[in-house]
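Labels for the chains are A, B and C, by order of writing; each one numbers its residues from 1.
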Amino acid sequence: MGKARVTRKKSVIPGFGLTLGVTVAMLSLFVLIPLASVLAYSFRLSGQEFIRLMTRPNVVQAFATSIGCALAAALINCLFGTLLAWVLVRYDFPGKRLMDGMIELPFALPTAVAGITLTKMYSNNGFLGRALESVGIQAAYSKLGIVIAMVFIGIPFVTRAVQPVLEKLSPFYEEASMMLGASRLRTFCSVILPEIAPALLTGFGLALARGIGEYGSVIYISGNSEKNGTQVVSYIIMQKLNSGNVDYEGAAALALMLLIISFAMLFVLNIVQHAASRRTNA
Amino acid sequence: MYVEMKNICKKFGSCEAAKGITFGIEKGKLTALLGPSGSGKTTLLRILAGLEQQDSGDILIDGKAVNGVPANERGIGFVFQNYALFRYMTVYDNIAFGLKVKKMEKKKIRERVSEMVSLIGLEGLEKRYPDQLSGGQRQRVAFARAIAPKPDLLLLDEPFAAIDAKVRKELRAWLKEMIRKVGVTSIFVTHDQDEAVEVADDIFILNEGNLEQTGSPKDIYKHPQTPFVAEFIGTSTVLESLTGFKGFEDAAPGKKAIVRPEFVEAFKSDNQKFKSLLHAVEYGTVENIAFRGSYWEVTLSVNGMQLTTNRSLERRDIAVGEKMCVLLYRAYVFDGNGAEIRKNKLLEGVDIEAL
Amino acid sequence: MKKQSNPIVKWILIGTSAAFFLLMLVLPLFEVLYRSLKDGWELFSSALTAEYTLSALKVTLIATVFALAVNTLFGIMASWLLTKFDFRGKNILSALIDIPFSISPVIAGLAYIMTFGRSGWATPLLNQINELLGTDLSLVFSVPGVVLVTIFVTFPFISRETIPLLNTIGRDEEIAAAQMGASGLVIFRDITFPHMKWGLLYGMILCAARAFGEFGAVYAVSKARGKTFTLPLEIDALYMAGSADSITQAFAVSSLLVCMAVIMLVLKNIVEYHGKKKNAI
């Protein structure tokens, strides 16, 4: 009887009280209470101060950079992440196991390591950086660098979200479409894409959220120059904690703003995803 | 009465799964709770087991109220719908689990488990895991696991649902035999009337949270008390009215009637056997003939209404469109109060069974 | 599945992904090794045996072990709660658990400073406790602070793996066991745990990898090099010092973390392989 139950159904399985107690206690202690402090702190600023802070050119710039670069990186990741998933699911080729096993490297590799390594690779004393510079592209210490770092840390989100869906997708779908005379591209767009869309959105959302809040892998390659607009929000928050004039209220307000933006984006994505998945499940 | 349920009510949100159900079961009986899906039969079984809590009403087992008694203290063995065998335990450990929980001595556990294993005929498979067993074998293990701790009452939730059709027939006989051997009072839930008729001593028919009728399989088949039961048990055709048929002219108009295939006879007009009954015959046209393995299922259009009858393969061939004589022996007629059997008046004094 | 696809398209797709894969994932690994060894073995080994590095390694391991212990306990409790019971607010609770996954690690550090820092609201409380117990515990700018933020950023890692796993397995077996009278502990040990162990291990590996690599959150609450610095912070300090030697040393320490990351990846793949095999039942 799968009817919606508003209150807890009495279950024969023991342990409800214990696990509820421990879960809620630990969640509150380690996550919710500290986060509530950020909220409380940011309310120490008056509305006017809050607005003044948020409209400061470097703050606006930083939000634009964080969100813009994270969006660009998440989109690139959707493309390459899906491609990687596709290749890993559909084809056999030498080195496939290795490729599959290494997709999560960006999760396992400390962000600081990724940050300094990418910086050296793409700066003008690295060979990639020199190659790009010779065609007039400056990768390190620019927004492009930030995007590169965010692509690096975000790629597993998309691949790992899409891969299981592709694995489960029956090849009959494609065959049916091909038999009806659809071209390869048409088949992909009209048959496969709708199937993987919800998963792709999940991956996109996770990569985006990660990119917007990213610190370690970004701060080295970005150069953190106000003039070039390569400061990210995390960097500005950290500055307020570090520099001589500590500004906790400002940091808390920025953090709150960042939280609101992240959650709003995840919320919107959730709605879109819900709509998309309803159609494919029908 | 060994098991009694008194006025059991249960709601899930706006869905009433049990609307004041009352019944009693005698010790040693094998009872089927039969009903379509959504009739509340599984809920009732789970309430009896203590897996769900009734909103109101009392449950008595062996004369003792067990309302507040948790599931594990009711002394009930339960066979779950998909068996819920422990996938990470061997056959032996599955059967031994309930005994270990009861802190039985190791030696006694071993004895009881091997007794169970030989009872269900799976000697030599004790070390296997559930995924290495066939569907039928899994059901046997689930049964053994449930009765190993010697429960006073055995409940089975759709015990044959997860088994393919061919093995199912074998297992029905097997289960009936086992339960008789063990001698445990048992209740099982099913949506399949054949299953209920074949296995159970008594059948309780449930519909939309109500208990429609109780009785032996034959009793229920012969004397359905509600339109639902008449329609649910056996194959049947519903007629809006009987008044158009010869011999039923005095049937009250507007009452629905239910006709079983065996209430209908169709024969060619030159049939000698039925010659004496021609005065009671209606004429019909064959609309459809379907092969059912051991007989033909023939659908006829009579007076604008459809009747179905079964025809032996031994009889003469018939064709779609053919005109035939149709004899209606009897029908169930219903009103708000219940069902009654109406016999064809023109056939009074004729020994129908002899035909 | 692999039949009748156009070989040209196939190899173009494989080639593109291989190029992306090499450029984005493989090349950086070699870059780390190359840069850490390019100025010779001596500089490399001296960087790894430096007092700061060893201290940072110790703090890193402490934080990782604590994060693993706390989050494993939490993962088990939360997945039992969220997969074996239906109750009001279940969806909200599971959404709250995932919060640390989607917020900036910098905010995690900030949150702890604002709770336990000099002007944090919980600081007077903490001081009282310290006075009472005669201890001198500080929860920011200290090793316990590093431990706490590490727990925060890795908080949902294990439950995220075990909850979906237990959800697909269902709760029939647990109900059957409970119906027969088994206690919660027996049900967990004999029935649930065998189902979840590979998922648990998988989550623990991801948790460990994130824990020893965390930078932003720890950076906010750790200021004392040689005392509360973790390996990533030590790398930052060396890199920011800016001299050619110190940058090489930063890469040398990085290569240590790369090794740890690769070990985690290998473990992850082994566990994944076993887990898949078991669930193919």
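FYI, contacts are C-beta pairs under 8 Å (C-beta built on N, C-alpha and C of every residue); 3 or more make two chains touch, one makes a residue touch a chain.
Because the structure is predicted, anything quoted here is derived from the model rather than measured.
**Q** Tally the contacting C-beta pairs at the A-B interface and at the B-C interface, and name the larger one.
**A** Taking the two pairs in turn, the one with more contacts turns out to be B-C.
**Q** Would you identify the chain whose Cα-based centre sits farthest away from the centre of chain A?
**A** That would be chain B.
**Q** At what distance in angstrom does the C-alpha mean of chain C lie from that of chain A?
**A** Centre-to-centre distance between chain A and chain C: 17 Å.
**Q** Which integer distance in Å separates the CA centroid of chain B from that of chain C?
**A** Once rounded, the distance between the two centres reads 56 Å.
**Q** Going by the contact rule already set, what residues in chain A reach two or more other chains?
**A** Those would be 5-6, 9, 12.
**Q** What positions in chain C touch 2 or more of the other chains?
**A** Only 175, 178-179, 183 qualify.
**Q** By the touch rule stated above, which residues of chain B touch at least two different other chains?
**A** Chain B, residues with two or more chain partners: 50-51, 71-72.
**Q** In the complex, go through chain C and note every residue touching chain B.
**A** For chain C paired with chain B, touching residues are 172-173, 175-183, 186, 190-191, 194-195, 281.
**Q** Which part of chain C faces chain A closely enough to touch in the complex?
**A** Of all residues in chain C, those touching chain A are 1-2, 5-6, 9-10, 13-14, 16-18, 20-21, 24-29, 31-32, 35, 70, 73-74, 77-78, 80-81, 84-88, 93, 96-97, 99-115, 117, 119-122, 148, 151-152, 155, 171, 174-175, 178-179, 183-184, 187-188, 206, 209-210, 212-216, 219-220, 231-233, 235-236, 239, 247, 250-251, 254, 257-258, 261-262, 264-266, 268-269.
**Q** In the complex, go through chain A and note every residue touching chain B.
**A** Residues 1, 3-6, 9-10, 12 of chain A touch chain B in their complex.
**Q** Would you tell me which residues of chain B are touching chain A in their complex?
**A** Against chain A, chain B makes touches at 12-13, 15, 17, 42-43, 50-53, 70-72.
**Q** Mind listing the chain A positions that touch chain C in their complex?
**A** So the residues of chain A in touch with chain C come to 5-9, 11-16, 18-20, 22-24, 26-27, 30-35, 37-38, 40-41, 80, 83-84, 86-87, 90-93, 95, 99, 101-118, 120-121, 126, 128, 151-152, 155, 171, 184, 206, 209-210, 212-216, 220, 233-234, 237-238, 241, 248, 251-252, 255, 258-259, 262-263, 266.
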